[in-house]
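Notes for the one structure printed next.
By written order: A, B, C, D and E. Residues from 1 in each chain.
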Amino acid sequence: MSSDWEAVALTAQLAAVTTLLLLLIGSPVAWWLARSKHPMKPLVEAVVALPLVLPPTVLGFYLLVFLNPDSVLGSLWLQLTDETLTFSFAGLVVASLVYSLPFMVQPLQTAFAAIGDDFLEAAATMRASPVDRFFSLVLPLTRRGYLAAATLTFAHTVGEFGVVLMIGGNIPGETRVLSIAIFEHVEMVNYPAAHSLSLGLLLFSFVVLAVVYGLNRRPVAGIR
Amino acid sequence: MSSDWEAVALTAQLAAVTTLLLLLIGSPVAWWLARSKHPMKPLVEAVVALPLVLPPTVLGFYLLVFLNPDSVLGSLWLQLTDETLTFSFAGLVVASLVYSLPFMVQPLQTAFAAIGDDFLEAAATMRASPVDRFFSLVLPLTRRGYLAAATLTFAHTVGEFGVVLMIGGNIPGETRVLSIAIFEHVEMVNYPAAHSLSLGLLLFSFVVLAVVYGLNRRPVAGIR
Amino acid sequence: MVQLLVDVSGQRGRFEYRWQVETPVDGVVGVFGPNGAGKTSLLRAIAGLDRSTRGRVSLGGQIWLDSAAGIEVPTHRRGVGYVFQDGRLLPHLGVRGNLQYASRRAPAERGWFEDVVSGLDLEPLMSRDVHDLSGGERQRVAIARALLSRPALLLMDEPLSANDLSRRRALLPYLRRIANEFRIPTLYVSHSLDEMVALTEAMLICREGQVVAQGPTAELAQRSDLREVSDIPEAGAALSAQVVAIDRQTALAELNVGQHRFSVPSRGLTEGDEVRLQIHARDVAIALDPPSRLSIRNVLPAEVVNIDDPGFGTYADVVLDIEGAQLRSRVTRAAIMTLPLTVGQPCFALVKAASIEEHPAFDLH
Amino acid sequence: MVQLLVDVSGQRGRFEYRWQVETPVDGVVGVFGPNGAGKTSLLRAIAGLDRSTRGRVSLGGQIWLDSAAGIEVPTHRRGVGYVFQDGRLLPHLGVRGNLQYASRRAPAERGWFEDVVSGLDLEPLMSRDVHDLSGGERQRVAIARALLSRPALLLMDEPLSANDLSRRRALLPYLRRIANEFRIPTLYVSHSLDEMVALTEAMLICREGQVVAQGPTAELAQRSDLREVSDIPEAGAALSAQVVAIDRQTALAELNVGQHRFSVPSRGLTEGDEVRLQIHARDVAIALDPPSRLSIRNVLPAEVVNIDDPGFGTYADVVLDIEGAQLRSRVTRAAIMTLPLTVGQPCFALVKAASIEEHPAFDLH
Amino acid sequence: WSAEATIAVAANFRQVALQIADVIEAETPHRYRIVAGSTGALYAQIRNGAPFDVFLAADLARPEWLHSEGATTSEGVLTYATGRLAMWMPGGDAPVTAETLLAPNVRRIAIANPQLAPYGAAAESYLEGLGLMEKLRSRIVMAGNVSATYSLVASGNAEIGLVATSTLREAGVEEDAFTLVPASAHRPIEQGAVLLKRAADNTAARYWFEWLQSPDVVPLLKAAGYQVPEALAAE
C-alpha cells in the first residue's frame, strides 16, 4: 500500500504543477482568444480544443512518438537534462499540459470575453498599466472563471490516465500516478483495494471541491 | 474498414445525443448553481465536478455495477425496454451524460454568473416571463459560454473511451465507437490504420471546430 | 383614472423605507426628492423588482402585492414600463432590436411603433448598436422602449437628465401628450422643478424612505416648508390658462387666467388652447406705483395677503392675491423693509413675459 | 497654465470627427453642445481611449499623440482623470476600494484623500458596495475617484447630471476650487449653462464632430449666433465683481462691477471677495422712466447700444451699455415697438437681485 | 554483481511477476521494478525508448516483432507461460458446458476482444470449434482485456464469461464455480518474453530471464493458473 501512497503524492504533485503551469500558459492564450479579432483566431481556437477529441491512449501514443529521445524535443531535453523526456515526471507534465490545455483555456476565454471594455478603460484612466489592470481588475472579475478552469484542469489531470500510462510507463515513484494505481487494482481484480482507493479519492476530492466552492460563495460584488 | 465507418457514425451520434441531452440537463443545473445562495450549493457543485476526478475505467467499472440488470436502474430499464442498459447505446448515453456533465455545467455556470440582474430586470419590465427571458436574453448573452460548453462536451464524448470500453461491450454498430476503433488499431500495432483514422478524426474535428469558432467570430454586440 | 395604492415597507442594505401612497394617477405624477431619498427604491418596489418588499401595492382593481394574502404578482405580469436611471438597453440587440423586444411583447396597436419612433426622433438611430449611442441618445431609446411596451403604469427614473435643454423642451410636451392622450398613468422622477411643473398634475415628495408630502403640483410648489425637503429651488405657481387671442406680428398670445390677462410667446399655440403656466416666485417683482414705460408686459393689480419672512437671510416670499388667484413673489428682505410692504397692501405684480413658460399639447405630425 | 493642443480626426461608426483645439487650460474649460455633437468622443480622443484617432494631442510640453512621428502614449501613462458619463465604478470593489484604486496609483499628497472624501460628502458611503448607491451617490464617487488620481488633465462628462439642485449648488464651487487651488486643468462637459458660467473661464462649443467656437465663457455666452448651435437657452453676461460692503441685517452684499453697484445675497461673502456674476438676459428688464417703489434692487442707468431683433418670433435681445460694461436684456418684440426702444436711447436696466448668482471660493473646512 | 532491472509485464501476469521478484530479491542482491501495462502499449513504449530490460508479453506476436526488429538480445523469444481459458458462470451450479451457453437465461456472454487479447482469440476459436459462434454472436459482448471480461461477469452484466483462469485464481473464485476449457479446444495462449537490447549487460535482467526458464518458476505458474511451458514440463 505504501506504493499507493507514493502514487497519491505523485498525482497531487503532477496535478498541482500542471494546473500552475497551465494558469501561466492558459491565461495569455485565453486572453488573446477572447480579445483578438485576428483572422487566424478560429483556427487557433480549434487547435486548442483538439486534444479533447483524441482518445487519451491514442494521444499518448502520438506524444510518445513526438517526445521520444530521437525526436527533436526529446533529444533536446536529453541533451539539456541528461534524462529522457518520456518515462519521466517531466514528460508526464508535458503530456498533461497538452491534454488539459482546453480545460484551462475555454472557461477562461468565456470569462474574459464577458468583461466589457468599460471597466478596463476606467482603470486605464486611473494610471493602471495593462499588467496592473489584469491583476487588479480582470483577475478579481473572472474569479469564478478561474475557479472553473483550475478545477477542471486539476480534476482532469488527476483523473486522466490513458495518456499518462502511455507516456509515463507506470514507473513507481516516478510516473505511477493514482489513476494508474486504481486501474491496476481493478486490472488485478483486487476490487477491495480499488474500492477503498477510489472512495478515498472521491471523498478527498469532494471535500476539497466543497471547500473551494464554499470559499467562493461570497458573491463577487456586482457580478452576480 | 467499413466497421470503422460504422464506428465513426456511432460516435457522431453518441456525441450529438449526449451534447443535446446535456444542454437540456446542464442548463437548469448551471443556472441554479450560478444564481442560488442556498447553503447546499457548494456541495452540489462538488458533486457535479466529481466525475472528473475518477479515472474513466474506474468510473466505467462503477457504472457497470450501478447499471447492471439487477440494479434499480438497470432492472427498470430492462422492464421498460426489454433490453439491458449496459451493452446498449442507451447505456453509453447514460454513461456519457455522467462523465461529461461537468464539461457542460462548469462553463455555463461561469457564463450565467456573469449576467447581471440589471438586464433581467429590464426584460421583466417589458413583460418577458422567466422562460422568455432565458431564451431572449440569457441565451444570446451567454452564446460564448454555450459554445465552450457544447464543444468541450462534444469533444470529450468523442475522445472518451475508458468508460465506453468498459460499459459498452464493444458491439459493432451499437457500442463500438471511434475511440475504441483507434485504440484497437494501436493495440494491434496496426499503426497505419491508427494513423489514418486519427488523422481523419483530427482533420474532421479541426474543420468542424474552426467553422464553429469562425461563425462565432462576429462579436456579440456589447459583450466584447 | 386609476388609483395607485402603495403601502409597503422593506429595506435595501441599511436603507429602510416605508412608502405610503394613495393617489389617483391621472396623467403624470411627479416623484421629487434629494439624492438618496429613495425615489428609485419606490419605483422598484412598485415594479416588484425588490423581493424584500412587504405590504400592499395595487393599481386600479389590480392587486400586485398583498403580503398578508400571499399575493405577489411577478414584474413581467404587472405590465409596468420602466425607464431605468442607468438605461439598461439590452446589449445584444441594436436600437431597433430593443424597441421590438418591448413592442413584440405588448398588446398591439397600429401605428404606435412609428409614432413613438418619430416622436422621440429615433429614425436615424434605428440601425445602431446600443453601445454606439451618445448618452442622450441612449436615454431616448430607453424611453421609447418603455412606451412601446404599452404599460399599465409607466415608471420613469430621471429620463431626461442626459438630454440637452432644447431636446428636453421638445420631449416634455411629447411625454405629456403620451400620458394624457394614451392615458398611460406615469410616475416621473426628476430633480428639475421645471420638468415637474411642465409635466405633472400631482407630486409626491420623498425623503429618507418616506413620502413626506403628496398633492397637486401647483399646491406643493407653493409650500415653503417643503422647500428644504424637496430641494425645490424656489417656489412658484402653476396655473391653468386659456388662449384667447394671438397676435401674429409680435408673436404673442393673450391668455386668460381667471380674470387676468397674460401675454406669452405664441409659438405652437392656437386660440382656445388650454395651457399651463409656470411662474417662478423669483420672476415676480412687486411695484407699489403703477409702473410706466417698462419692458415687462404683465403688470397686474394685486394685494399682499401674506409675507413669508424667515426673519434671516436675504429673501422673503410675498404671497399676492390677484382677484382670487395666488402668486408668490420672492423679493429681498431689504425691499420689504424699504418699500415697505405690509399685509393687505395694494400693489402691482410684475411678471416678465419671458418667464412664463407654456407647454401646449404638442402635435406629433 | 498649460496649453492643450488637439488636432485629430477619426471616426466612430458613421460619426466622423475632426477636432481642432488649441487653448490654455487654466482652471476649467467647458465643452458644450447638443446631444450627439461628439463631446464624449472628444474626451475619449484626448484620453487615448479611441485607438482610431489620428493626429496630434499634447498637453503642455507632453506629447500624447503624434501619428506622423509614430508617438502614441497609452492612456494609463497620460495621467488623465476621467469621470465617465455612465459612471463605471469598478464592480468588485466597494466605494472605498474604488477610491483607493485611484489614490494608490497616484502621486501621494498628504490629506488629499480626506479632503476629497469630505468635500464630496462621501463619509457615509465609504463602506458601501457600489451597486447599492443611488444615481447621484454613484456620480459623486466617480468624481472623487477621478480627483484622487491627481491627473494632469481632468475630463468630466456630465458629472452632475444625476445630482439634485442643492447638491449641484454645493459641488460646483468645490469643483471650481479644486481646479483653481490644485491647478488641475479640466475639461467639463455639461448641458447646463448655469454650470458653465459658474465653473468655466473658457468654453468650446461642439457640433457634428467639430469645435465650432472657442473662447471665454463670458464672451461666448453673449453671442446670439451660437445660441441655436450650442443650445444655450438664453444669452447673458458673466461679469467679474468685488464685494465692497456687507449688510448683516438684510443679508445683502454691495458689489462693484466696474463703476456700478449691485446688491446680492451676502451668504458666504466677505469684504474684498472676487466673485463672478451671471446675469441672464431674461432677468434684465428695461424701463424708460426711473422706476419708483419697486422691489427690484438693482436699477442702473444705461444706454441701448444694439437691438438684436431677429425680425420674427416673440423676443429680441437688447444690448445695453452701462458705463462701458455690456449687459443683454431679452424683451418681447412687442415691448420694443410699444415703448419704443431705439439704439442710443438712454434707459434703466432692472436686474433682480435674486437673479444674480454668486460663486465665491468655497472653503472646505 | 548486484544490479537493477525494470520488468515490463502484461497486466494479467503482474501478480506472478511480483512474486518472482520477491523470490529473487530474497536470494540475490538484485532489485526489480515491475511495470504493468497492456501488451500493445508496452510494445509501443519499448519502440519509443522505454527504459525496460525484460518484456513479458501476453502473446508471442509482439515479442517476435521486437526480435525481428533487432530490439532484443540474441536469446530470442522465450515462451514463459501458457494461459488457460475457463468458462465461468457465477451462481451456476453444474459445470458450465456448451449447452449452458445456449440456455435462454444466458443473455450475455463476455469474452475478451479477440483483436486485442490472446484470451479473446482463444475464446473465439473455441466457440467456432463448437460451431456456436454464429448462433451466439448477438449474445457476445467484448471487453478490452481479460480483467475487464471478468468485471463484466462479476458485476452481473454478463451471465457467463470466457475468462482467464489466472484472473479467477487471483480473484479467489471457488474452483468449482468455473470449468476449464480443454487446451486442445482453443487456440493456444502462449506468452512470450524477450531480453531487450539495453539489458545485454544487465546481470539482474539476465538473472530474471534465466530464472523464468528454471524449475523454480513452476509452482508459481501452476498456482496462478498457467500451464507450464513444454520445456519445463518435460523435466
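The rule is short, and it goes like this: a contact is a pair of C-beta atoms (placed from the backbone, for glycine too) under 8 Å apart; a residue touches a chain by one contact, two chains touch by 3 or more.
What you see is a predicted model; the values in this text were computed from it and never measured.
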| item | value |
| --- | --- |
| Number of hops, chain B to chain E, where each hop joins two touching chains | 1 |
| Contacts common to chain A and chain D (chain labels) | none |
| From chain C, the most remote chain by mean C-alpha position | E |
| Distance from the mean Cα position of chain C to that of chain B, given in whole angstrom | 56 |
| Distance from the mean Cα position of chain E to that of chain C, given in whole angstrom | 91 |
| For chain A paired with chain C, centre-to-centre distance based on mean C-alpha positions, whole Å | 60 |
| Of all residues in chain E, the ones touching two or more other chains | 41, 44, 151 |
| Contacts with two or more other chains, residues of chain B listed in rising order | 61, 183, 186, 222-223 |
| Multi-chain contact residues (two or more partners), chain D | 86, 129 |
| Touching chain combinations (by label order) | A-B, A-D, A-E, B-C, B-E, C-D |
| Interfacial residue positions of chain B with respect to chain A in the complex | 35, 37, 41-43, 45-47, 49-50, 52-58, 61-62, 102-103, 106-107, 109-111, 113-114, 116-117, 144-145, 148, 151-152, 155-156, 158-162, 179-180, 182-183, 186, 194, 198, 201-202, 205-206, 209-214, 216-217, 219, 222-224 |
| Contacting residues of chain C [partner chain B, same complex] | 47, 49, 74-77, 79-82, 84, 86, 88-94, 101-102, 105-106, 129-131, 145-146, 149, 151, 155 |
| Chain B residues touching chain C - in the complex, by the definition given at the top | 118-119, 121-130, 132-133, 136-137, 140-141, 220-223 |
| Chain E residues within the chain B interface of the complex | 38-41, 43-44, 62, 65, 107-108, 110, 113, 115-116, 141-144, 148, 151-152, 155-157 |
| Residue ranges of chain E touching chain A (in the complex, touch as defined) | 6, 8, 11-12, 14-15, 33, 35-37, 41, 44-45, 48-52, 145, 147, 150-151, 154, 167, 170-171 |
